Structures are given as C-alpha cells and as structure tokens.
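Accompanying notes for the structure given below.
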Amino acid sequence: MLLKKERLNDILTDMAKQARVYVPVSPDANDGGGVGKSGKAKMTRFELYSPGTAPNFDLVNTTMPPKDMLFPQTQKMYRYGFDTEGNAYIDIIHDSDEVVIFGMRSCDARSIECMDDVFLSMGYDDEFYKQRREKLATVAIGCASVAETCFCDSMGLDPNAAPGADVQLSPGVDGQSYVVVAQSEKGQALVASWQPYLEDSTAETTQVSCALKVNGDGLKDKLEQMFDHPIWEQLSKKCLTCGTCTYVCPTCHCFDISQENKMKDGERFRCWDSCMFSAYSEMAGNHNPRPTKMPRVRQRFMHKLCFFEDRYGKTLCVGCGRCVEKCPVALDITMLIDDIQAADLSKAEEVA
Amino acid sequence: MSVVNDTQAAASTGTETFEPKILAFACHWCTYSGADLAGLNRMSYPANVRVLRVPCSGRVNPQYILTALNKGVDGVLVCGCHPGDCHYVSGNYYAKRRLMAFRRMLQYTGLEPERFQVRWISGSEAGKFRDTVTSVVEQVRELGPYKPDPALAALIDSSVDASNPVLPEGGEA
Amino acid sequence: MSSTNRFAYFPGCSADSTGISFTKSAEFVCKRIGIELVEIPDWCCCGTSAALVTDKNLAVALPARSLALAEKMDADLDVATGCAGCFNSLKSARHFAKQSEDNRAYVEDLIDMPYSASNDVFSFLEIMHRPENQELIKNNMVTTLHGLKVASYYGCALVRPSKVCEFDDTEDPRSMDELIELVGGEAIDWGYKVECCGGSHNISDPKAAKKLTERIYEDAMINGAEAIAVACPLCFLNLDMREKELNAIREAEGKSLFNIPTYYFTELLGMTMGGSFKELGIDKHFWPAEDIAKQALSARTQSDDTAEAKEVAK
Amino acid sequence: MSRVGVFVCHCGSNIAGTVDVEHVAEEAAKLPNVAYATTNKYMCSDPGQQAVREAIIEHNLDRIVIASCSPRMHEATFRKMLAGTDINPYMLEIANVREQCSWVHKDKDVGTPKAIDLVKMAVAKVNYDAPLTTTTIPVNKRALIIGGGIAGMQAALDIADAGYPVTIVEKESSLGGRMVMLDKTFPTMDCSACICTPKMTDVGAHPNITIKTLAEVESVGGYIGNFEVTVREKAKYVDYDTCTGCSLCETKCPSKVDSEFDQGLAKRRAIYRPFAQAVPAKPTIDAKNCRKLIDGKCGVCEKVCPVGSIKFDDEDKVTTEVYGAIIVAIGYQLIDWTKIYGEYGGGRFKDVISGLQFERLVNASGPTEGHILRPSDNTEPKTVVIVKCVGSRDPEKAKSYCSRACCMYAAKHAHQYLDKVKDARCYIFYMDIRTPGKGYDEFYMNTQHDGARYIRGRVSKIINQNGKLICKGEDTLLGSQVTVEADMVVLETAMVPADEANQIGSMLGITRDKDLWLSEAHPKLRPVETNSGGIYLAGTCQGPKDIPDSVAQASAAAMKVAILFSKDELESNAMIANSNKNLCNGCGACVAICPYGAITLEEITARENSVMVTREISKVNPGLCQGCGACTVACRPGAMDLRGFTDEQIMREVAALCQW
Amino acid sequence: MTAIQESIQKRAAELLESGEVTQVIAWTNGRFTNQTSPLFIQNAADAGKIVFNEYCVNTLAKYVLNEKIAGKVGVCVRGCEARGINRMIADNQLKREEVYLLGIPCEGMKDRETGEALDKCLTCTHKNPVVYDELLGAEVTDTVSEEIDKVRFAQIEAIEGMSREERLEYFNNVFNSCIRCYACREVCPVCTCRECFVDQLRAGWQGKQNNLNENRFYNLIRVFHIGDRCVECGECARACPMGLPLMELNRKWIRDLDELFAAGEEGLSDELDNTLGRYKTDDIEEFM
C-alpha cells in the first residue's frame, strides 16, 4: 500500500478523533518561535497532534525520545489519605486513553522493545506501564537520511526497518510517498482505518545506512572482564554527572517512587531517575555504594552494553546518537566503545 | 471518579466571591506584636490572612515564598521591623536585600507584584498591620486565584480510579 | 586635572577693558613660567550676574557653550580663566552637567553641541598656586617684595560655594597669601578675605555698597596692610576705583584717609620677575600704585632685606 | 508517631465569644497524630495548667498545642509548666486564636474556621518539634574596663563593690578622663575635682581593682564569659613599686612642654604627673621629650630621686588575661575645630579658645590659678562671646548631631565668667537652648539673670582687629545683623568619638554608627549592651552625654556585668542556629553574616568515600548565638538551621496552611 | 591559536615532568569536525593530545574540585575559568596553591554547528584571565567594548519590556521545557554544595515531579543560590541540552543586584564578599 504525503494530515486528523496521537514537532514549525520569542526550548519532541499541528517527519531524531508516552517523566500512581470521617483511603490513578506514536524511527521502536523487556517480562508486569503499553500503537517511518551521530546499524538495527513497530512506513525514493506495511494486529487495524487515504500500489523505497560505525564485536565479553579496569577512572573524569544522557536516552528506564504529603492526604508518583545522580544509589543511613562519578559512569555503560544483554539478550543502546549529540562535555559512547575495544585487559587483572 | 478532598471542595464551591489565602510571615519582635496590638485594640481585618511567626524577617527564606505559592496560597506578605530597629541588629537589612532581589525575579518571570509584598511594621503600628493586611487581601482578591500551572490541575483529575481502593501488592514502604 | 601647563583660555569680557592690568600681568607671568594659554575660539559672555538672575537656562547655557567649544578645540585641555566671575559661572555650569547624565544631556540640548564635561575649570590663582608652578615662579624671580605687607582679598566667587569651586578653604583661604609670601611679601592676617566688596550693589544701592567696600579698607588699614592683592577684575574695580570716593566721604566725616593701592596678585608676582609696570599694567590703576610698588622693589634693597632678597632671588 | 495534645482556651468569653472553641477542639481531634483535644475556660490558670498536666499523663502525650492568646503572652508560662512534666518545655506550640483571631473577627463563622487553621498550623509544626536543651558556658568573674574616666571608674567601683575583680585599662598616665579637667559641674556648681578625685582615690585603693595606666588593649579573643585580652602597658621609666610620689623629679626636670591636661595653656615637665591629684600619684617619663631618652644627656631625675625609682631601660609590658565581661568606656574628644572653622580664625587667634580651655582657665589649680585672663596678653576680658554648636548640628561642615552637654556648660561658663569678672559682658550665640534635666532649665534661667545675653544665631565670622575679636552674626529673633567686639571667644565645640573608637569597635565586634560612636544593641531597650554578648558600653563612647548620664550608664553597665557574674555558668539560648556538618561546605557565608560573631569555621578530618578528607565546616558558638536565623537563609547548602524554627517546621506550617 | 596550543602542550609536559602538578586539564579533539572535549592528562607523553582552537567551548574551572584530591592540578584558564577559580577560592572550596593556572587570553569561542560566536562569548567582559600563574600568549588588547553591557543585558531588557502576561508565558515555556537533568548545576563553578537543595528530600524543598511548578522552583532557587556569586561563564546555558536561556535568569539577578546594591562583577577577586551577605543601612528602600 502506498501513502501519499499529502494525505498524512487526513490520517492524523482521523486518528486524533479516536486516540491521543503524538507526532514529532520542531518548535519552529509550530510557532516560529524558538528561544528569545516564546521561551520554548530549542528542541524537538513528540507532541500531541491536533489539527493545526505541523508535524516534522523529516527530523532524523527528536531531541527527546518518545518514551514519555509510555513511561512518563512523572507518573501519578495513587492518592491516599483520611476522608472526612477519619478513615484511610487509597485511590489508584489510571490512564485510559488510546495512544498512537506516529513517525518514530527504528531506534525508538527498538527502545520500546527494551522497555517491554524490563516492565513486562521475567515474571513481573508493571501495571502502570502495561496499561499504557496495551493502549499504544506505534507507526515507524524508515529513515530517509541519517545524522552524523547516528550509529544504529552498528548496534544491530536497520534504519530502514523497525520490526517491532505496529506499522512500518518506508519513504519512497520520489520523496512524495510512503510504502505502508502493517506488522501486527494493531497495525492491521490501524492501516485498515487509513484505507480511504491509501493507494493500492507500491514504490521503490530509500535505503540509508549510518556514516558513524562502531565496532561492537565481543564488546560484552570484554566488558565482563573490565569492571575493575583503571580505564573507567580516566573515562569518567570529564563526566559532569548530570542526567542529560539518561533523560534523552530512549531506553533509560530507571525511576524513583516518591510522594508529596500534605497534612491529611498525599500522592504517590514515580518519576525518572538517573544513575548519574548521587541520590540514585544512596541508601537509608546515607551510605552510597556509588559515591563518585567513576562508579556511576561505569554503571551506566556497563548496564547499556553488558548487564542488560546478560539479562535480556539485547544491548540497551539502540544507536540513536542522542547522548552523543547532547552531552555537554562530549563524553561520546562511540568513542568510549572504541576506548574499551582498545583497552589492555591485563591492567584490569592487575587491579582485580 | 469521586475522590475530591474536602479542601478542594471548599475551594471550588464557594464561588460567589473568591476569598484569597494570604500567608503573612511576621517577625516575633515587631510585626507579630503589632498584630497582637491590633487584636488588643479590637481592630478588624479580613480573616484571609494567616500569620506565621518567625524570630526575624532575616529568617524568611525566599524558598518559603515560592513553596507557599506553589502549594496553594494566593499571596504572601513578609513583615519585619523597620530598618534600624531589628532586634537582632541586621536581620531585616539582609531580608531587605534578599527579598528585594527575589521579588524582582518573581515579577520578571511573570508574577503579579501584589502577590508577594514586603512591609516593615513595628510593634506599635497596629493600624499599619491592619491596613496592610486589608489592602493585600483586597488586591489579591481582585487578581483572583493564583494558578501557577493551569495545565497541571486539569491533568491530575483526568483519570482517577476509585474502584480499586486497596493497597497495591508489594507496595513500597 | 590635567598636569600639563597648557590650558584653554577663557579671557572674559573684562580682559581687554577694566581688567586689562590683570590680563597683561597674568599673561606676563604665564609666559615667564611657561604656562601656555590657548584662547577658546568664539568664546562668549560667561553669563555671570546678569544671566544668573534672569534665566537659569541661560546661566548654564552661556558658560557651557564656551566650555563645549574648548572641548571641541582640544578635548584634553582644562580651561583657565582669570576673572573670578567667569571662573564661577564656568565651574558652576560644569558642576551642573557633571551631576547626572540627565543634566549633561539637558545642557547639550540647550547649547545644541556635544559636551562631555570632562574638562575642568581653573582660575589663575589655583593654577599658579600649584606646587610645581610655585617652584617655577620661585625660579623666575629676580627680586622680592621685601616684606611688603599685603592683605590678600579673595572676594566671593573664587572659593564659594565650596562644592562647586573645590578650591581652598571657604572661610579662610590661604592660597594667595602663600603666593605673596613666596615672592617675599608679608601676608597679613586680616578678617575680610572673603567678605562682600559690595560690587553688585553699586548700581542699585551705592550707599550700601560703599559701606561694604569701606570696611574692607578699614580692616586692611588696621591690620597694617600696605597693599591689597586681588585675583578678580571685579574686586579690583570695586576697591581700586572706589578708594578715592571713599576718601572723599571719610574726609567729610573727619575720618582718617586710606592710602592702600590694590594689585592683582599676578602684578605682584610679575614685579618680582622683573616685569615693568607698563608690561604688567600697573600704570593703569585708578589709585596710584606705582610708588608703593617701587618702594617695595627697590627702596628697601639697601635695607636688611638685601641678603635675604638675593637668597630668594636665586 | 507523635502524640499531640491540643488544648483550646475559652479565655472566658474573649475567645469563646467569637470562636466556637468546642468545634475547634473537635476538628483538632481529627488531625493526624492528635491523641487528645479539649477545651478549658482559662488555660493559663492553675486549674487550666493542672488539666494539661493530667492530660499528659492520662493520654501519654509527648507534645502539646495550646490554642490561646499570643505566644508573646504565655509561651513562657506554658514552657515553665512543661518543665514540671516529662515533656521537654520546647515540645510546645501556641496557636494565637485570641489576638490574631477572636479579637479581630466579629463573626463566629469567620473566627472558627480560622482558629481551626491556626491550630492545624500549630499541630503541623509541633509534630516536628524536637526537645531542646541549653548548654552552659563557664563564666570568668573578672571584668575588664577600657577607659578610666568617670564612666569607667564608676563601673569599676560598682563591680568591685559587688565583689568581683576588675581591671581598668587607661591610655593616659592617670585616671580621671575628661571630668577631672573640668572646673565645676552644672547645675550644682560643685567642684569637679572635689567629686571626681575621691572616686579616683577609691578606685586606686580598692582591693578588687587593678589599674593599668599608659595601657592599650592589643587584641581580644573569645566570647562572653571567656574573653582573652592582651594589654600593652607602655614603659613608664619609673618603678611604681618603689616610687613614693614625692615629685622631686618633676621640679628638677629641665624639659618643658605644653601640658595636655591644661590644654596647652601651661607647661609641664618631661617627667610628670598630668595633674596634682593624679592616680596613680606617681610620675611617668614622656620619652619623646626626655633629654636622657632622646640623646642620653641629662638624667637629672635619676640623680635627684631619693629612692632610685627611675628606670631608663624600662620596657613595655604585654600581658594576656581572661575576663568574663568587658565594659568599653573610652569616652570622647572634642572636635578639632581649627581645621574646620576658618571663619573663627582656624586657630590663629589666641583668644579664641575651646570650652575645655576655658575650664582650665577658670580652674583654681589651672594655669592662671582661676583668674580668667586672655591667653594672648593675660588681661582680663571684659567682653566674652560664647559660641555654641561649633561642629554640632552642622551637617555641612562637621557633625549633624547635637552634642547634648554644650547648652548647659555654655550656661555654666557664662555664669562663671560673670561671677568672676566685674562689669563683664557675656554674649551667647545659640541655635536652640536644650536643657532637659533636673535643675537644668533653672540653671539656664539663672544664667540669664546673671546677665548673660543670649543671641539666637550663629557667629558667621570672627575678625581680629586691634586686639579685639569682632564677632559678626545674625540675631534671628530680631532679624538683624549683630556685631560684638569681644575680648575673648569661647567655642563650645562638638563631642566626637575618641580616636580609638574605630579600632576598639572592630576589635570587639561593636558596630559604629555613621559618626563612629559605638552602637548599643538596641537604642531603646538595650542601651548599654552591645551586639557582642558580654561587652557593654558606658559613658560618652556610645554618644554625647553629660556626667550624670555617663555615671548612670556606667552603673547600668556594671549591673549587667554583676548579673552575668552572679551565675557560675551561662545558660545559652535553646533556640539557636545549628550547622549540619554533612551538608556544610565551609563557604563561610554564615560567618560573614552573623551579627554576633557566633559562627566560626573549624577544620574537621573525616572519612569520605573511603578517603580521609580535611575540610572546614561552620560551627555555632551557643553562647553567642541569639537565634535570629539570618545565617540559615545565607546558607545555600541548607546546612544551617534554626532550632525551634527549622526549615522543616516552617515548611510544614506552610503546607498545613495551604490546605485550609 | 596554534602558538598557544603549542605553549600549552610544552608547559603541560614540563609541569608534569617536573612534578609541579600531578595532572593537567585542557582540551582535546572530539570525534566530529570542530568538536572538542575536556582532557585530563597525567603523563607528559600525552601533552600532544592537547588542542586549543576556537571551538574549545567547555569551561574547565569546575573540574579542579574533583581532581585536586590527587594533588596539584594544572588547568588552562581563560577569563571565564579564572573567574570561576577565584569564586571557588572565595567560597573556600579551593585553595590557590592547589592549582597551577595556565592563563590563556581568549577572543571568544565558536559554535561548531553554526560557526558563529558562542552566546556566552558575545557577552564576555574578561577576555584575559583575571588570575593565573603564567600567561601563555599575549594579552588580548582589543578589550571589551564599552557597549558590552548593552549586549549583556539586551535580552533582560527585551523581556522586561514585555507585558506581565507575556513574561509569564515566556518563562512558563522555559520552565516547561526543563527536564531537570541538572547539567546547569553540575557544570557551574558556583554550585559547590555537598548536597543540592534539590536532593534534600527530608527538608522537602524540591519535589521530584517534573511539572511547571517544580521546574519553576528549581530554576528560580538555583538563581537565588548562585545569583550574587555568578561569574557569568555562561556554562549553564551552554550545557543545557534543551537550550534554555538560563543566563536570562542569572543576568536579571546580576543586574538588579548591581543596580540596587552596586554589586559589580563577581569572580574578580578571591575574597568572600557576597552582595546578599552584607548590607548598608542606607540601602535603597522599597518596602516602607
């Protein structure tokens, strides 16, 4: 099936009647502003579509990943307190809306698979995630171009195909249309609903690959032997221990549960946390097993490239390049992988 | 969904005239005794104000002010001894600098100036206390409720499920 | 304050008329000690007294215009003037402009010329009183005043108001006294250094004015002054021109008569540097001034002062 | 979980009249952690207090909220009551439902909900109350007094009489200060020396008083109860242990210099006592003018001294001792008018003298043996002009303040002059007459009856003509110019702080006002205390005043010291700042901001992330902290908190308030 | 530039060799064109990695706090770094003798993507380091324009010129975009608390939720905490992954303190003299 670009708006408008539809938007496209005029950030993200929204499907990657739709930065869980009679109560807060993420890239689609592993496998389902996940449909668009920071194909992904998405749109070489393939039941339902706007034909699709290549061969095995390697000390020096990399990462999924108490009632919520923050690993009684930046930096990369794979069989880095672009001190995961590959293992043993 | 707590109910039902909540920080030595004197003289002023006693206006951390606004008061008043009269010599001078700069910052980022005010009121100025409180209440009543994040309030109430009033399994401590 | 001895020169209206002796003698001294005066092109009335009472704007605009012209001529030059009236109005205008950016802009608006108010204004007295110039004066002396008893009369405009003039003690100025002593005169202690000379009353209430002038002479006489030194053409005029009239009145009243000539302090300085009376304008006084000057310079050369004179002259 | 008891007071009908107190108690009972809530007719009464005590036991309460009148009224009462129970007195909050609720709201429908809110706030806060205790600091019962003038001596005598050791540090070689230079004192006209010198003798002879003359305080460390003070006693070149004070040396010394005591109107020797009744009554050598000490030639005094007390090799003596309290009584000096008032001759006219010079002239033991004579020619002045407010109330040229004593001593001078000189005329130029004080205005009126002519106006110019001082001025009452030909002019000059004020002030942490007078802790309520605990002010160092005021203040300061010394240990304020060493990063912002100098940085070494780290943290001295909390806001790391008003408590109150 | 780079390399090698410092902090190349990144070297042999070009966007000052534990640190200081160093000394977080300062005059750095001068460099008032042990290269003589304050405060004035509603919307947009990654805090040489108020959960200053209220609280209190000490290195705004105009908050505070209390610029000396930590009895009065 073929979807002409000019019909996109019709599809989105139709879908928005049934569900909350999120599309990639750059601020310039919508209010012509940018900092200095509106105070809006110079960044792109998935925003709720409504007629009038101007999606930007040519963005290689949004600054913020779409994980917020499944795993919000702040998610209210329940309220509790005493009612007027003095009895305790607890009210669980549920989300009930259907959500479509339209226009995500292969990397982001893969990131949802990673989060599914975390929240929905190994015998424990996270109710709050599950609710949202069940009501989510994803529409991936293959990349027509890549950014200098993209390296997904080195991480085992294909920029042109996102098998985990419910629908895959592949841009035609003419630049005017997408080839539409439903990849799941949800996807079939979605595509069916688009039927009025689709053409029953096909086209040649663009194929791109990343310019930035990383050698991930044997990385996990090598890292397993490098926990005590002195290289971490050096690699972590420049890190500021801010949470930028973890917050722009589509797969980082750590959260903290906290509450806001008033006198007679309160609210429990969970919010993103970052392994870069000192409070992240701080325990009651103030002991902190990762008190300085070295163990925190090591934890982040070991988790991405080694521990996650141990547990779920896939690496937690999807090669989207967001952290590479946004790190204020250019602590670049691809360079770090190079350094790891170049490291001398005998040093790790010495220390160990 | 049903759970709306009593305080919200109170806030949302009495709609005829909006009654602002005003928090007044008062230093123990001057303004608090000025407020006491207003009572002693049986002066009357609006009940919208709650006085929070601190030892000195220098104890008032600007962070309290923003917290109070965030948590739901509609206006904050900070009062202390007149410059030069501080029981602790200099507390109100420090307060003056901090609060002056902080107040400008709040206004810069869009707060109505009436919502955060500072006044020097001595222990003998019961009348000034009454007048100040009255005028702050009137000014803020005119402005209406402080809605620092209109989007937030709407979002919270969108989806609360009361059908499941039990502790979640394996609930955190 | 510029440290060089080069100044934009504001002569003022009396320079070539009533104050000719001041002009001549000051220019003489300046030349001798190497003070360079560059006349401000197209300078105008300083606005003193007349403008001050009629229009505040005019009182600022007139002097500011000349100051702005000086600035335009050479932005690095401070302004020098002899007349105390000129000094006071120029300095006041600058003071006003200096007080705020608004004031300065207002002045610019008035005179329709850029004016930064950076250049300062100095009187000849202040300039010559500078330590380095005192040194130069001393080096140029060929004789001394041989203890001539001089009452230094400062008048009203040189030191008042102190916030504007920024020069010497308002009530007990000493700078002219020190210059007199520098050239070998004896600066007598007297009480009327800064009292009103009555100049401004001479038209409206001449009787009152004469009283004011008379008391100055009286105190000078009582304290043994042989001469009065001034640093302002108006002061000079009021003393020098009125002495004869005063004596006439006093004679009628049976009081003792005055015989105290008035000199510009620059004349006294010039005399000790070898300037002739004509060069210095001493021949142009109303009250004969040449005799006492001659006495001071020569008559006592044979006296005990000789050694000291030579000493000083060195 | 805490167990809060809430007690709502009716205060008769004072509260119950406009607040439904029963309802307030009902609502309070529903609040979290409230174990018990009740009302009482009069909470502060004995039965009321007893009810609380019983409830504490019956309901096992661990903290209480009392909703009653202002905490300014009865907080102390209820604290005291708690002291007799198992609960710490600081586990208490007062909800002010009377002054700030029932008395200002007429309507029960308004007053009741507000009272409930106030109780909510108090409950929210009391939940975070922590038991507070006071610490104790030992008190060294020795007082140091800086300055041996009348104020310093009075304070010393009072403290010494109370039984405590006192040390006086005096910069001159004798006690007495300014007062002993005066001839007579207004308004009683008793001889100044007659009332001052006995005090000096008393001080000199008092077993509890040590006098250090020609001495200066070099440094002060420590804090209330424990000041460590270093004093330098300059070399006197005379051995006071052996000197008998026979003064033979003084008569033989060949060097003559202007006498400071006589204000330059007479001469003294290089070895000298400033005046006959000096205490200690022993001479010192003025090294600057002593021929022996300048060039080694002379030594007459050494030769004539019958007991061999002259020690030309004498050296400064520096001692450090601990004192519990310090009284600053460094007095004043007169403004140097000669540099300011060119119109009065700038010091060139010999017969224009200061009031203090007049005191010496009129004094029987002064340079003229009490005859009022012109300094220029020793003739008796027949006309004297007295000019007041020279340097005072003159913001343009000198000081803007009133020197307070001049009106009276100008009247005194006029009176003395008119009394001593026959057919004399005395004119007093004044701006205003200020004579508040017992017998003061009567004295001024008498002076007028004596014939002193008061002219309201300033003297604008003094001209020296033929030996006469022509004083020109304006009579503002007549609106005319006046000229007085005077033989002598007396300038009643302004009092200004002593030269040492600035240095002593900064050494002791006493703030100075714009004119450099030392500042009292509170202009009305703490007039002799300073912001530094244990340091007090006496006399004119705090501001211009006359003798009775100086003496009164000195006794007041002495009383403050006696109160301090009446305890062996000082109890510190319980509600004080406290630094959390884990959070403190040692930035020192609190140190800079503390008005009491109560915070210092202290080095600690601790294991952090398995490394030993040495760093600085702030430490609060509980003896000095007064609990203002200014430091807590300056502390960005949030390490500094104020006990009894913690951030947490205030935030909880705010939170509780936000739920009304 | 090249000459300076060579001098840094040379001096770094010498300092490390002689043992004068244990470590040198400078810049090196990143992966991409015109990208640089902070560099930490402990061996003289590595000095060749040091790069100094017009894309050295990182201000290095804050790093010394962590690194000084291992011994004296050599660090390159431009105007921005030098003021940060002074400030950290004033705040008692660093001792002068713990660092060796290689002074570098700097005419401003460029953004690698646009090739334009960095925002933080456009408003720089100290192109030469205000403190250093040695200066590499000649002082920049083309000193700061007298009009710099117009540039420095242009945005502030523009915002002040808006209506209140516009300002509210503007800053609500700013605060809404904040993801609270705290890069602004971590990079700031003035943020030296052992535990940020944000993390003091017991005190309850800052809720962990990401919403407008909490984000506003964070950003405004961040400025309150650093406002009277900000050395205007501009790193907070540069490091912000959302590109938020954080200096528009800092500068507002800076200008107000200067106008009200003649605060002047911070970081020019290493003496502690916080504008909010002192007062004058005749301070301007707005609250009578």
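Residue numbering begins at 1 within each chain, and the chains themselves are lettered A, B, C, D and E in the order written.
One rule holds for everything that comes next: a contact is a pair of C-beta atoms (placed from the backbone, for glycine too) under 8 Å apart; a residue touches a chain by one contact, two chains touch by 3 or more.
All of these numbers come straight from a predicted model, not from anything done at the bench.
Participant: Mind listing the touching groups among the other chains when subunit B isn't counted?
Facilitator: Minus subunit B, contact groups: still one piece.
Participant: Quick one: point me to the chain whose Cα centre is farthest from that of subunit E.
Facilitator: The most remote chain is C.
Participant: Taking all protein C-alpha atoms shown, work out their mean, then name the chain whose own C-alpha mean is nearest to it.
Facilitator: That would be E.
Participant: With centres defined as the mean of C-alpha atoms, identify the chain lying farthest from subunit D.
Facilitator: Looking at centroid distances, A is the chain farthest away.
Participant: Per the definition at the top, count C-beta pairs in contact and tell me whether A-D or B-D has more.
Facilitator: Of A-D and B-D, it is B-D that has more C-beta pairs in contact.
Participant: Could you please state the distance in Å, as a whole number, between where the Cα atoms of subunit A are centred and where those of subunit D are centred?
Facilitator: For subunit A versus subunit D, the centre distance works out to 69 Å.
Participant: Roughly how far is subunit B from subunit D, going centre to centre by Cα mean, in whole Å?
Facilitator: 39
Participant: Once you find the CA centre of subunit B and the CA centre of subunit E, what distance in Å lies between them?
Facilitator: Taking the mean C-alpha position of each chain, the two centres sit 35 Å apart.
Participant: I'd like the Å distance between the centres of subunit A and subunit C, where a centre is the mean of that chain's Cα atoms.
Facilitator: 87
Participant: Where does subunit E touch two or more other chains at once, residue-wise?
Facilitator: 169-172, 195, 197, 205, 211, 276-277, 281
Participant: Going by the contact rule already set, what residues in subunit D reach two or more other chains?
Facilitator: Within subunit D, the residues that touch at least two other chains are 582, 593, 634, 647, 651, 655, 658-659.
Participant: Identify all positions of subunit A at which a residue touches two or more other chains, and write them in rising order.
Facilitator: Subunit A, residues with two or more chain partners: 264, 292.
Participant: Once bound in the complex, which stretches of subunit E touch subunit A?
Facilitator: 30-32, 35-40, 58, 62-63, 66-67, 155, 158, 169-174, 177, 179-183, 185-187, 195, 199, 201, 207-211, 238-245
Participant: What part of subunit A is in contact with subunit D in the complex they form?
Facilitator: 82, 86, 262-264, 286, 291-292
Participant: Could you pull out which subunit D residues touch subunit C in their complex?
Facilitator: For subunit D paired with subunit C, touching residues are 341-343, 345-346, 348, 461-466, 470.
Participant: Residues of subunit E touching subunit B in their complex?
Facilitator: Listed in rising order, the residues are 159-160, 164-165, 167-172, 197, 205, 211-214, 216-217, 220-221, 223-224, 227-228, 249, 252-253, 256-257, 260-261, 275-277, 279-281, 283-288.
Participant: Which of the residues in subunit B end up touching subunit E in this complex?
Facilitator: Touching subunit E from subunit B are residues 62-63, 66-67, 70, 83-84, 90, 93-94, 96-102, 104-112, 117-120, 148-149, 151-152.
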